[in-house]
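Per-chain residue numbering starts at 1, and chain names A, B and C are given in the order in which the chains are listed.
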Amino acid sequence: MLGGYWESVAIFVGINVLMGMSLYVPMAAGLISLGQGGFMAIGAYTSAVLTKQGWSFGIALPAGAALAAVAGLIVGAPALRIRGIYLMILTLGFGEIVRVFFLNFEPTGGATGLGGIAPLTQLPWVVIACALAVFVAWRLRASRLGRAMIAIHEDDVAAEAMGISLVTVKLFAFALGAGLAGIAGAFYAHQALYIDANQFDFSRSALTFLYVVLGGPANPFGPMVGAVVVTLLPEFLRVVADWRMTFFGALLVIAAIWRPDGLLRAPTFK
Amino acid sequence: MLLQQLTNGLMLGSTYALVAIGYSLIFGVLRLLHLAHGEVFMVGAFAGLVVALWVSLGPFVAVFGGLVGAGVLGVVLELVAFRPIRRRGGNYLAPIVSSVGAGLVLQEVMTKLFGAEQVGFPRQFASTVYDLGPISVSSSQIFIMAIAFASMFALHLFVARTRLGVAIRATSENLEIASSLGINVDAIIMLTFAIASALGGIAGVLVGLNFNAVSPFMGIDMATKGMAIMLIGGLGSIYGAMAGGLLLGVGEVLSVAYLASSYRDAFAFGLMIIVLLARPRGLFSTGIDGAR
Amino acid sequence: MTALLQAEGVTKTFGGYTALSDVSCEVEPGSVHAFIGPNGAGKTTLFNIVSGVLRPTTGRLFYQGQDYTGSRADQVLAMGVARNFQQVRLFHGLSVVENVMVGCHARMGGLLRDALNLVSPKPATELAARERALEMLALVGMSDRVRGAPAALTLVDQRRLEIARALASAPRVLLLDEPAAGMNPSDVNELVALVRSIKTLGITILLVEHHMRFVMTIADTITVLSAGRVIARGPPAAIQRDENVIAAYLGVA
């Protein structure tokens, strides 16, 4: 199939697409998280520990996702009363706490990290997971749950007055997003084969945020486009060799000015 | 012993406070989470370093160099990365993306110019240590605290007593109304960036003096902690940022002294979560709602 | 006849400001009960409390004899009390039809169970909701304007859309907060007809309005509020002659 290097690139792109979708879901309900890296870490460490104990990937990955989703419920609970920038900083704090925790938690390696993870990630599965995530996001728009999320995003007072339970929808959006990040984390751990706390730091969460906002947070295909562009662009900037990040940063500024609502706009009404 | 820890904590906290004030100022007028502010702090530190290396005129000049370097950078960032978005009617997420981009640029440029390793900051003080009863402080620590608190006091005077300061407060409260009252909002925003960045630059030089080293990555930790402090003190509240910064500095030092030192970096966020759950508006909130 | 909806001794303070002071009233089923009063009388605050958007500082609320004080807005909607908003609050991220479909949500069963419907192309509940939404839009006279963005509608149509959305939840009680605001006389006549047709569906209507001709034409009972207190209650004819009411509106000479 694809050459080894490009297969690896494709897998990492896929993992980033999953991260993008993990933020897309809560953002659709108006909940912005700068802490998706924390959920990714939970999925990564949990699944790695399980496979090292002899469990199959088919068990370890869902377990990592489930634990991440539970964390999403816990973090999401205060999110019910907190919004906007407050929520962004709260989730940022969560991500940092997870990072510092794993940095110090000796059973999973502490600062030295966790190595010797089995290479169980395969491209077809990553692609399937991405396709499912994007498909679900696309179908969400035409569903009752999706409409409820959009309503809450725009005007949660009116949404509640129309009978929508804010608690149910917000917690669900947060938990689902966290679970997706957990799946991404599990794939990541079994592709990178070595993980440590600093791989899931704030820049991971910030990049995830970029995928969505740059790609278009109101479009189900937006985060995918954003993840692909942000992940692959530095590859194509090899021409400018050592100044890749400078160019990349400059391009981000330009993109924010030129397309503040993202590369993909919200889909128009039928 | 405790008094010594408190003193150390206040010194650390005063530098945190200067950075956090910057976040609060910018959030106040623009409702923007300035994710490149940590890099501005870092550039300020390097600016001070360059001045100290070139002219060797003592610590005050170095601090001034950091102040000016960072302040100018802040104005440039506003003109290049944020104002164009406002001109085109942008939303509140796009400027955050722009700030991430700007931060990346700054970090790589500084790494290219100075290398990725720590760079030594030339000693500005004799290693005199003063024993004041139960506590002992070095001359550099005295200098750091003096400059930091003087800066905060100067800011307080500016914001509370001058017309420009009032204009900044008015713009923070309500940009549209301030504009309709004849305030040149664009100029005020630029001034706010200048002040916020200048304070960050001062903090950068002070931190560099404290550790006798600066690095292109020194802004990263400061960035996330600064945001946590802003939340603890209350979004958009300058005095909250001051108090929150001092509180965090003392808390970190005490937690290292009396608890497990490796969790020090999480102290900020643990405290932040407690504050968020108990009093979401922050400890010293001005009542500005951060919701959008 | 026991009252369908009842407020008892409702007081609401915001910090030092008292918006409502010991307000009690009863709404008879099948009636149109209007609330009028000068600006700042507390009418919208009362609506916000009845609909669960705000909690009363003191006092109780009853629906069909059951105490529902402190219930959230979505719980109140599930009970059968729907509302519109004084400043129109539509969802601009949704189309006209989809806005009304949001109103149907409450009658569609478990929300999370629906999550499983995401992979099924056109589940029956979706189609049923869309049909009902179209019915409601027909009821308010907007059958020809069901497509497109709510922002493209005129203000009058936006108000109609909000009413359709509220009706979609099959309420027993409908709260209308200044539905006639910004309408010209012919629109008001249409609104009168609409409110009458809603009444014939058996829905009890609570109305806050400033438009006097509209109120006097349509209301069965009027409660008059001034500075947070009830100063009069009765049929339109009596209210028009009430000295306290006249004094409240015109100021005591």
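The definition used in the following text is that contacts are C-beta pairs under 8 Å (C-beta built on N, C-alpha and C of every residue); 3 or more make two chains touch, one makes a residue touch a chain.
Quantities reported herein were computed from a predicted structural model and do not represent experimental measurements.
> Tell me which chains count as touching both chain A and chain C.
none
> Based on C-beta pairs in contact, work out which chain pair has the most and send it over.
A-B
> Go ahead and note the Å separation of the Cα centroids belonging to chain A and chain C.
It comes to 41 Å between the two C-alpha centres.
> Express in whole angstrom the distance between the two chain centres, defined as the mean CA positions of chain B and chain C.
From the centre of chain B to the centre of chain C is 50 Å.
> Hey, how far is the Cα centre of chain A from the one of chain B, in Å?
A distance of 29 Å separates the two centres.
> Touching at least two other chains at once: which residues of chain B meet that condition?
Within chain B, no residue touches at least two other chains.
> Quick check on the complex: what are the chain A residues that touch chain C?
Touch residues, chain A against chain C: 135-136, 139-140, 142-145, 147-148, 150-151, 153-155, 157-166, 168-169, 172, 218, 266, 269-270.
> For the complex, give me every residue of chain B touching chain A.
It is residues 27, 31, 33, 35, 80-81, 84-85, 88-91, 93-98, 100-109, 112, 220, 223-224, 227-228, 230-231, 235, 260, 262-263, 265-266, 268-270, 272-273, 276-277, 280, 290-292 of chain B that touch chain A.
> Spell out the residues on chain C that touch chain A in their complex, using ranges where they run on.
For chain C paired with chain A, touching residues are 51-53, 72-74, 76-78, 82-83, 85, 89-95, 98, 101-103, 105-106, 108, 111-112, 114-115, 117-119, 125-126, 129, 147-149, 165-166, 169.
> Applying the document's contact rule, which stretches of chain A touch chain B when the two form their complex?
Per the stated touch rule, the residues are 32, 78, 81-86, 88-90, 92-94, 96-97, 100-101, 103-104, 202, 206, 209-210, 213-214, 217, 242-243, 245-246, 248-253, 255-257, 260-261.
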